[in-house]
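Before I ask anything, here is the structure I am working with.
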Amino acid sequence: MDARPEKQERWDRRMETPLAVASLLFLAGYTVRVLAHGMDQVWLDLCLAVTLGAWGVFIADYLVRLGLSGLGPLRFVRSHVLDTIVLVLPLLRPLQMVKIYEQIQRRHDKPRLTLYARVMAYSSLTVALLGFAGALAVYQHERGASGATIRTFGDALWWAAETLTTVGYGDVTPVTTIGRLIAVGMMACGVALIGAVTGSFSSWLIQTFTREDEKRPPGGTPGAS
Amino acid sequence: MDARPEKQERWDRRMETPLAVASLLFLAGYTVRVLAHGMDQVWLDLCLAVTLGAWGVFIADYLVRLGLSGLGPLRFVRSHVLDTIVLVLPLLRPLQMVKIYEQIQRRHDKPRLTLYARVMAYSSLTVALLGFAGALAVYQHERGASGATIRTFGDALWWAAETLTTVGYGDVTPVTTIGRLIAVGMMACGVALIGAVTGSFSSWLIQTFTREDEKRPPGGTPGAS
Amino acid sequence: MDARPEKQERWDRRMETPLAVASLLFLAGYTVRVLAHGMDQVWLDLCLAVTLGAWGVFIADYLVRLGLSGLGPLRFVRSHVLDTIVLVLPLLRPLQMVKIYEQIQRRHDKPRLTLYARVMAYSSLTVALLGFAGALAVYQHERGASGATIRTFGDALWWAAETLTTVGYGDVTPVTTIGRLIAVGMMACGVALIGAVTGSFSSWLIQTFTREDEKRPPGGTPGAS
Amino acid sequence: MDARPEKQERWDRRMETPLAVASLLFLAGYTVRVLAHGMDQVWLDLCLAVTLGAWGVFIADYLVRLGLSGLGPLRFVRSHVLDTIVLVLPLLRPLQMVKIYEQIQRRHDKPRLTLYARVMAYSSLTVALLGFAGALAVYQHERGASGATIRTFGDALWWAAETLTTVGYGDVTPVTTIGRLIAVGMMACGVALIGAVTGSFSSWLIQTFTREDEKRPPGGTPGAS
């Protein structure tokens, strides 16, 4: 599809480690800034700098890949929707870790997981990271609100878990407008990803039972059932 | 299936723009009437007139298509179930926008979305519009009720989001009979549409992972995994 | 599978109308007995008699069919699981109406619904009847309990709707042990049936979109997309 | 895959009854210890001893099978993920009963359940046992907490039912950190298993309706519809 795939591949490979490090730094910087708000101002500024620096790395990488692709900006955005979303909402950045982990695994020729297991692993990891990032963001906006029920980061994590699984006890809920907007986003993503997890798990379970049927006859005709 | 398809097609094409405009006017008129209830009486009457006028356009279009089809009223209703529901509950009208958007896109021969993406786009848009219209209708009936927890339109939207995703915190819930009837309708539709979104997303994700498998071997046999 | 199918079929056909009438009488008798508890004792006794009489008809029909089948009681129970459940919990009886409706429709050779539509219709009707019967049963046990939040039959219906769709606001919940046991049964059935509804709806939507693709090209090759 | 399958099979067969007994003793011991906390100290110690003894049997069986497999510990863990989880969290132990029940049934050549029925039976039983064990564990950690809403074991069971079906009324919810951690684990497992139940039920219902179509024509061409 692209005219210059070789250069792109070289760039992708060279950026793997820097991007992974930047992703971890971004999440760590944001986490510290939100959770340790009683900390010294110097450290908070450092966290902010680390977070923004990591974001800068993401933007630079995106622009270089845009240039290497030889496509116009609009067409590049259209064919890299997820990359663009992740650029704008870097809290979702760690999702890229899955991709990098897979690339490393492929190069070492290790046995890869089955299709359903990969869908489940990918969806579960996405849900977990989404939940963590969403809990952070909601906690940041709720903790100072009057009448808030989300008062500790533990409450925020508990709220994220019951939201993403659609259990929704309602013992802790966001009350601010921004908190509720983040919550709606989490519900939308969460519902879709939970659907992917349950769909894959269901298919995997049926597949497993089918295989057991085929393996079962000790000296008979395999697959006869 | 129909004897006079040419005339019908011409009618459909001619009505596209008027119907789209009427749909927008209906929703806008209803929205303003519900939300701006402290407004001058003249403007409220104007909104009501716009809303009813748009409804009249829908009824006229329905009757013309009934006449062009050459079918009896009962058979026409049976073969146009969605059109009839939308005629009676015009708050669901904007759903037709999807159809119109597709017709325009088809005529321009643009590349269309894949099957799953279209199901997801259609279902998500329907859910969003259903949520907005339901929030409006519930807000209209709840805001004056004693003991109501849905007191602002923001509350109503928040309630619609947690209802359609079946999260259901219960921090805001309808207390009037009409509000609860609308809520039951939203739950029924919402559950079905959310099922369609998650089902399509799950299938799409599995398809995507399968394709990645096929693309993956750099110099090997494609599709061997 | 059975040795005497002809006699059985004749019995099934002869019992159609009596069973349908008995089902309606059972539900009506139970409903009146629960809802009109301030009524004259004579009428309440009549309702009880009607309810028990209808139950007697069900038992008699079950025993006759057991005899006609030529199977032992245990094997008959094993091959008629649903019939046995419905005999023990006659509140689920009206479900059989679907079967009878289908038998009548088949004999008249009317065009039947498609597969997915029938699954959806069957599941939705079952959910609706299950919800109504469950709301009745829960209301009967909750209305006198101290600290109950389900105080009117409207509350019970509202509770049934939010339970079966797994929304679960929690504004009204059963507090008695029997009420909670009925609720757990409703959750278990409800979750399975809602899964059937959403699964069928999702499949139907995908099928509809696929057909539209095939119909679409005006003068081109059908099915090419 | 393994070099010494014969010895392993003999071991598996010999351990069936001891493992089943140990599983029951473990669950019984734990249940009594949690529920009968006002009992004499001697009996509580006995329960603890029974529980730990049963756990010892599980560990011994795991080690013997590790030895018989001829694999290294890491590879054995990787190919026996479920066995390892069950070793660490023996509250999930009774799940193995399904396996044993199937092995017994297979040896006696009884007609086995269909694929979907087995998936449903397995998932439902797992959900029920998971709910019971989770309710026990949560009750143990919540009953002494200040501000707890889960005060009786009945409350804990009710909470487990509304959590696993994702209804989540929120009338009773865990408030301690450990209770919430168990709850998150239950949500994750519950959502996946409920997905398997609904997926299988939906597939089974569609299959049943399809078969009815094929059986229906009394003297016509089967499968023609």
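Order as written gives the chain letters A, B, C and D; numbering starts at 1 within each chain.
Everything below uses one rule, namely that a residue touches a chain if its C-beta (ideal position, glycine included) is under 8 Å from a C-beta of that chain, and two chains touch if they have at least 3 such contacts.
Which protein is which chain? UniProt says A, B, C, D = Potassium channel family protein.
Here the structure is a predicted model, which is why all the values come from computation and not from measurement.
Traced through touching neighbours, the fewest hops from subunit B to subunit C number 1. In the CA-based superposition of subunit A onto subunit D, the rotation angle is 90 degrees, rounded to steps of 5. Residue numbering at the subunit A/subunit B interface overlaps only partly, since under half of the positions present are found in both copies.
Centre-to-centre separation between subunit C and subunit D, using Cα means, comes to 30 Å.
The centroid of the Cα atoms in subunit B and the matching centroid in subunit D are 42 Å apart.
Listed for subunit C are residues 166-170, 194, 198-199, 203, each touching two or more other chains.
Those residues of subunit B whose C-beta lies close enough to touch subunit C in the complex are 106, 112, 115-116, 118-119, 122-123, 163, 166-170, 173, 177, 180, 183-184, 187-188, 190-196, 198-200, 203.
Taken together, the subunit B residues at the contact with subunit D in this complex read 166, 168-170. The part of subunit A that touches subunit D in the complex is made up of residues 154, 158, 161-162, 165-171, 194, 197-199, 201-203, 205-206, 209-210, 213, 216, 225.
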